[in-house]
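Two complexes, one shared chain (subunit A), two partners (subunit B, subunit C).
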Partner chain A sequence: MQLNRRRELSLDLWAVLLLFPLIAVPFLTNNSLVYSLTHQVVIGLVATLGVYIMLRMDLLAFTVPAFMAIGGYAAAIVTKSGSSNLLLLMAAAFVVPALFAIPLGALVLRLKGTYFIFITYIFNEILQLLIFETPTLTGGSDGIAGLPPAAMFGIELSSPRMLLLVTITVGIVAALATLAVTHRFRPEFSSIEENETLAQSLGVAVWKYRSIGFIASAGVSGLAGFALVNQLSTAHPSSFASFSAINYIAYVFVGGRRTMLGPVVGTVLLVSMSNAFSSQAQYSSALFGLLLIAVVTIAPGGLVGTGQRLVAALGSRFRGKALASEPNKTHANGEHV
Partner chain B sequence: MKPALNTASGSLRVEALAKHFGGLKVFDGISFTVPPGEVLGVIGPNGAGKTTLINVMCGMLAPTSGRVVLGDHDITGKSFHAISQLGVVRSFQQTNTFRSASVEENLFRAERFSAARRGPDLGLPALLEEFGLARHLHEPSDKLPYGLQKMLGLVMVLAVRPRFLLLDEPVAGLERRERTQLDRFVEHAREKLGCGVLIVEHDMELVRRLCPQIVVLEAGRLLASGAPDEVLSRRDVIDAYLGATEEE
Partner chain C sequence: MESIISTGLIGLSLGTQYALISIGFTLIFGILGVINFAHGGFYILGGYVAFTLSHTLGLPYVAAVVIATLATGVLGYVIEFVLVDKHVNDHIATMILTLGIYLVMTTGIIGVYGPEPAEFTFPVSGAWRSGGVYMPYSNLIVFVVCTLAIAGVYYLIFKTRYGIALRAMADDRAVATAQGIRPSRMFPLAFGIATSLAGLTGALVTPILALEPHGGEAVVTKAFIIVILGGLGSVGGATVAAFIVGMVESYTSVYFGGSKGALALFVLVLVILLVRPSGLMGRETRKA
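Moving on to the complex of A and B:
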């Protein structure tokens, strides 16, 4: 498993490294379609990482749109008050939802399974209502429009190219944060995911690690909200609709929930697909549904998980042959293919 | 927390412990002491409340009344993980491991989760070798045969450096020739950590071998306590077991 852990780490690292070449995109093309697709993929990925972190502990959280809204609105309000420094906005978009997650986590993290899913879904609806009912702070149904873009070193990052660069930067920061949290606490998260009772019996304070994950998930979701608000220069409740949670969840399951590469693969594939089918938008959610059913029944590990299994099966067949010619080594690798 | 914890002279006591589920009294007025380094057997027919007793002692269930005391510490009603961190650690009747994780990873986690309690070398490699786990270190734990999974569960409990072990039917489902491994396990735990051990078991041979003191639970009350030979020859104890003894 030492080996396995290393393999999982390397897939996670690949997921993060794959984001870096995106920095070149704004410098290679002016194509607005490519720009729009890249924005969608990166923002979708960051939101999806919010789901992924919670799934590491076997919790299916619908809270992502709500925390995106809190992060997005927090950044918008800071911008409105006159400071548009990129680092400050990112910090606000991460920290404010993370702070919200502390009391909310104390309430909902004792729930499991369907109850947890239900309550986190309701939280989105409550937040939407709150946005509509507090127009002085959030602009209500009008949202907060006409926001100046984020700035760095006193330069407004307002061109389409710079806007995209900001989104990509947010994506990389969020991916690094996800990597840091999920690796620092991997033994605890995995133990809670697989066998909570046993973890507790060995002294793991389950609530503590659940809270850490929930806070990180909220912060990462908030970053996605900020990137979206910055791209649109508007914070609007419709950007954070409850049902969008289902998309992010689909991205993780289709891509694979066991490594960070899963969300990357799932997001790229499904965002591209829904763009390709955008002329038949009414069918795209049906298609999503079918794809989800197909993956869950045929390839429960998602695309990445299935790929890993194939590689492992091929690998041990190969090793099996190698061992057969070396009768001294009686290692049991070939046994469980 | 220093290794001093492990050699501290506190006993594990339950005082007038009771657990009711609504109108159902699982047990009532149970009191006994497990001294450090000693082995206490808990026997009784199925349904006597033995597993529930462990569940209450380790904090998985709150007692209806009574106390669980560790040394001078009242640990009644503390959470499951907190009691484990204080050094009262249970094993499970069924096999219980982090399934897809390898044997090595399972042990790594047990050690990591108890990193606050470092101390003398536990000699785990020798134990793994003896139980036949050593050559399966890199296999997923749920692919192991039943007996090995159960022994892995016990070694993990040991790896968190308990002061007291609560073993819930540790040899249930094991073949007769595998059962002597538990003798080795208990001996090892006492030698390395000075553990007190509470064993719930149906295997009377094993109880006689390992437990200088036993208590008999019957229908939720403490029927008898003392040395096994004396207790097991008592008329009321034999009656309690008649027709209820299960042979695996």
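Moving on to the complex of A and C:
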């Protein structure tokens, strides 16, 4: 058990560490295809982490596009009002959706799992309609276009290289936030995931930890929305279509929902694949569909989970042989077997 | 006055369509505990099967509708039997499965028919008039057929032995199984019946509204709203809620226009959840 926990932590850390080398990408190449792929991977990953946080508590949330929209529009409105400081924008994109999540969470988190899914799905639709109905604030169906890029120390980060750096920074911040929340509350989240009733009877205030997770998920999704708006210099309702939630859900499940490495692997793989198929874009969704079916029927842990199982199987076989040749060491290794 | 009545008739016709979709959706949830994200896919598939048979192959529209209903039912049965059945107890797994199935279905449809909407027209045109009251024949026919279908479903569920077994299954799976009702037999059939209802609605309604590969998403959203309003798993609740939604949509679209009606419905759903989380007629049927 202890070993499992340590292994999961190391996989989570790897997921974050894998993002740092991305900082080199803008300095190594000018290739616009690589740039666009990196933008898509990082933004997709941040959105996917929003789904991942909720899955830690066994809740499947469709709220990610809605909170992305709230974060993206919040940043856009702040920019329009004259301040384009990167840190301020990131803070706005995190805090505003998190604030929205508090009353919404109070409303939906007391519902059981299935109702939760329905409501989060419908929440996206409500938000899309609200955007269309409030053109003075959100620009309605035109969105908010022509936004100046974020700035840092008075320098506009407007070149493609700087835009990509901003996206990668947002990605790293979001990954660190996810790591912090999921590890700080790991015992609580896990107990809710495994048996909510039992957790409650043992004194875990389920609603409290669910709210914390929900708020964190909203904030992280909001960061994804900001990165997207900053990349496109436009906040447009079509960037946050309800059904895009399915892509993020697919990234988590194909990669593996148990560790943070899963979303990273899933996002990199599926985004690259759908780019490779871009001449026949419509077929990439069938590929996602087949992968989702395969994950449920063949490989329940996703790619990372299946990989872990294989490694564990190989490891125990290997160790089994080693133990057979050295019977004296059985006790010393007992905990690990 | 006449326009109020006409609008009400349209609302009734919408209500029957929505009821047929949502009854199927809520049946699958009530009996299997599965949220069927592919439900809209079966609706669209029903439309395309009917379109191919009647427009491309020249079969009479009635035959096309019947075949579309059967085809979507059989497909639903097979999908439940092959894919969903092993995972019915894990609601996230089944949701991911049905999402995957939906994506494959829409892509398959795009692969065959292309992404553009199909030119599917209802075979009967014209409208019935009496005084100032006005109702297109197509809506009238849809209303009658859907009402008959709903009556059929009610008969099946509340009057036949099979229906009693299904309801027992929904009430308490363990006890029902102990009584000798076999889940492996009931589940695929229930799923197939539900998807055939979606296919029937699609075959009837898409020529009036629109037939396009991604139409299923709006249908699933509507089914979500209706089953929450009516109470998850409750067939009666879904029927009542479907008519409420149909009426609200019809009147708001005529008198307010735009998306106000949809917004009003969403607010209604949120209020219902605040006041009565189990829906209008729902009870704790399933420990979801």
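Following the convention adopted for this analysis, the second predicted complex is superposed on the first by the 326 of 337 C-alpha atoms of A that agree within 3 Å, B and C clash if a C-alpha of one lies under 4 Å from a C-alpha of the other, contacts with A are read in each partner's own complex, and residues count from 1 in each chain.
Note that in this section a contact is a pair of C-beta atoms (placed from the backbone, for glycine too) under 8 Å apart; a residue touches a chain by one contact, two chains touch by 3 or more.
All of these numbers come straight from a predicted model, not from anything done at the bench.
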{"item": "Overlay on subunit A: subunit C relative to subunit B, clash or fit", "value": "fit"}
{"item": "Spatial angle subunit C-subunit A-subunit B, Cα centroids [nearest 10 degrees]", "value": "80"}
{"item": "Touched partner set for A:249, first subunit B, second subunit C, both or neither", "value": "second"}
{"item": "Which of subunit B and subunit C A:289 touches, first, second, both or neither", "value": "second"}
{"item": "Which superposed partner A:310 touches (first subunit B, second subunit C, both, neither)", "value": "neither"}
{"item": "Residue contacts with subunit A in the superposition, subunit B compared against subunit C", "value": "C"}
{"item": "First (subunit B), second (subunit C), both or neither touched by A:132", "value": "second"}
{"item": "Which superposed partner A:198 touches (first subunit B, second subunit C, both, neither)", "value": "first"}
{"item": "First (subunit B), second (subunit C), both or neither touched by A:102", "value": "neither"}
{"item": "Minimum C-alpha separation between subunit B and subunit C after superposing on chain A, in Å", "value": "12"}
{"item": "Residues on subunit A lying within both footprints (that of subunit B and that of subunit C)", "value": "none"}
{"item": "Residues of subunit A defined as touching subunit B within the complex", "value": "1-5, 187-188, 190-191, 194-195, 197-206, 332, 336"}
{"item": "Interface residues, subunit A side, partner subunit C - complex", "value": "58, 60, 107-108, 110-115, 117-119, 121-122, 125-126, 129-130, 132-133, 242-243, 246, 249-250, 253, 282-283, 285-286, 288-293, 295-297, 300"}
{"item": "Of all residues in subunit C, those that touch subunit A in their complex", "value": "29, 35, 83, 86-87, 91-97, 99-108, 110-111, 115, 217, 221, 224-225, 227-228, 232, 258-260, 262-263, 266, 269-270, 273-274, 277, 287-288"}
{"item": "Interface residues, subunit B side, partner subunit A - complex", "value": "58, 60, 79-82, 84-85, 89-90, 92, 96-105, 108-110, 112-114, 135-136, 138-140, 143, 156-157, 160"}
